[in-house]
Amino acid sequence: MADAGLHTLQTSTPQEGFELALKLSRMGVKYTQPSAEVRDRLRKDYEDDADALIATSQVVAINFQTIAAANDYWRGAR
Amino acid sequence: MADAGLHTLQTSTPQEGFELALKLSRMGVKYTQPSAEVRDRLRKDYEDDADALIATSQVVAINFQTIAAANDYWRGAR
Amino acid sequence: MADAGLHTLQTSTPQEGFELALKLSRMGVKYTQPSAEVRDRLRKDYEDDADALIATSQVVAINFQTIAAANDYWRGAR
Amino acid sequence: MADAGLHTLQTSTPQEGFELALKLSRMGVKYTQPSAEVRDRLRKDYEDDADALIATSQVVAINFQTIAAANDYWRGAR
Amino acid sequence: MADAGLHTLQTSTPQEGFELALKLSRMGVKYTQPSAEVRDRLRKDYEDDADALIATSQVVAINFQTIAAANDYWRGAR
Amino acid sequence: MADAGLHTLQTSTPQEGFELALKLSRMGVKYTQPSAEVRDRLRKDYEDDADALIATSQVVAINFQTIAAANDYWRGAR
């Protein structure tokens, strides 16, 4: 993640917050499996596996909880 | 998700909040598997699989926690 | 869920709150598998499967967290 | 659960709170599988299964989060 | 757990809090499988099983959320 | 963990907080499997296993929730 890092949890919109939750979910994988080549190979397996997709969606949901709280649920943007 | 995006977490009722939690859960899958064709094929598998249905319900439950908090649990609507 | 909908997260007692958490857990399944016939068939499988029962209990636990928070943990009812 | 019901989430001590979390976890199973006979049979399987024991411990942990929050973490009892 | 019980969720340091989270995770297992002999036998299986170790780490993480909140994240100790 | 311990949950940046979440996730494993040799052997299995990587990412996400809350989401650093 040296190319990006994680500088803030605040985003302008829920949509950007959701994308940050996706980034966090991928960071969790990258730190354990740093090889982009291996990750690309594994991706071909799990993107056709319903159980893995649901599990991925769960990790994103957990990270989105964090991001949404960090942004006070974007209440001011309503 | 370009067709929709995520503009707000606030909803008028718990029912609408639950439907937004469902949308978030599907967004988590769509970002990992962008092909609607593949998702439709996988859906035929997991909608007849009790374990996958329970796992899906769990992702929805996590997202509903976020949405419910964002709406202060719709307390004013009681 | 057209027959019921979700009108409020507030309940009079923890017992009613737990039953609402059960309802939410089933709603998560119903939206993914709308056929009552298929759900009844799957139920026969998972109600004899310890892993599925534990997983179901976990979804209920997550939804109960939401409902309990929505009711301020029924502190006034103590 | 007609024999007991869930009347309050408040307990005097963390120990009692943990036991209430266990009760909630079992309630989640009982509502899905009401037969005590079937549950006893399944128990013989999962109490010798490390994965099932860990999964059970996770449900208890989630319910304990709820109970602990409901009791303001028993801070006054320190 | 008669030998110990759970008297408080407050600890002096995050390190002690983490150890309490471990204790809670084990309590969840002990109540379901009270036999130390059986637990020791199962331990030999799961301590060499990556999936079980990750699942165990997840239960600890959930319990640590509770303990950390109970201690207001040890902010005063910074 | 005698070499490190867990002294504080406060970090200067979200990036450091994420790294602390990774450390907590590994601590959960280390306490259950203290042998570095065994852990290294198991790592070779799960770092090529998509399901295990997703599960690992989930544990990190849960720990990051805790760390982010402990730092009030680094709001002052925005």
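Read from first to last, the chains carry the letters A, B, C, D, E and F; within each, the first residue is number 1.
The definition used in the following text is that a residue touches a chain if its C-beta (ideal position, glycine included) is under 8 Å from a C-beta of that chain, and two chains touch if they have at least 3 such contacts.
All values derive from a computational prediction rather than experimental measurement.
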Shortest chain-hopping distance from chain C out to chain F: 3
Distance-maximising chain from chain C - centres being C-alpha averages: F
Classification of the chain E:chain F interface as same or different, half of numbers criterion: different
Distance from chain B to chain A - Cα centre to Cα centre, in angstrom: 16
Approximate Å spacing (C-alpha centroids) for the pair chain B, chain D: 27
Overlap residues in chain F, where contacts from two or more other chains coincide: 46, 49, 51, 55-56, 58, 62, 65, 69
Overall pattern in which the protein chains touch one another (line/ring/star/complete/other): ring
Direction chain B, origin chain A - full chain order round the ring: A, B, C, D, E, F
Touching residues on chain F, where the partner in the complex is chain E: 1, 5-10, 24-29, 31-33, 38, 42-43, 45-46, 49, 51-52, 55-56, 58-59, 62-63, 65-66, 69-70
Chain B partner contacts - residues on chain A that touch it in the complex: 13-15, 17-18, 22, 46-51, 53-58, 60-62, 64-65, 68-69, 73-75, 77-78
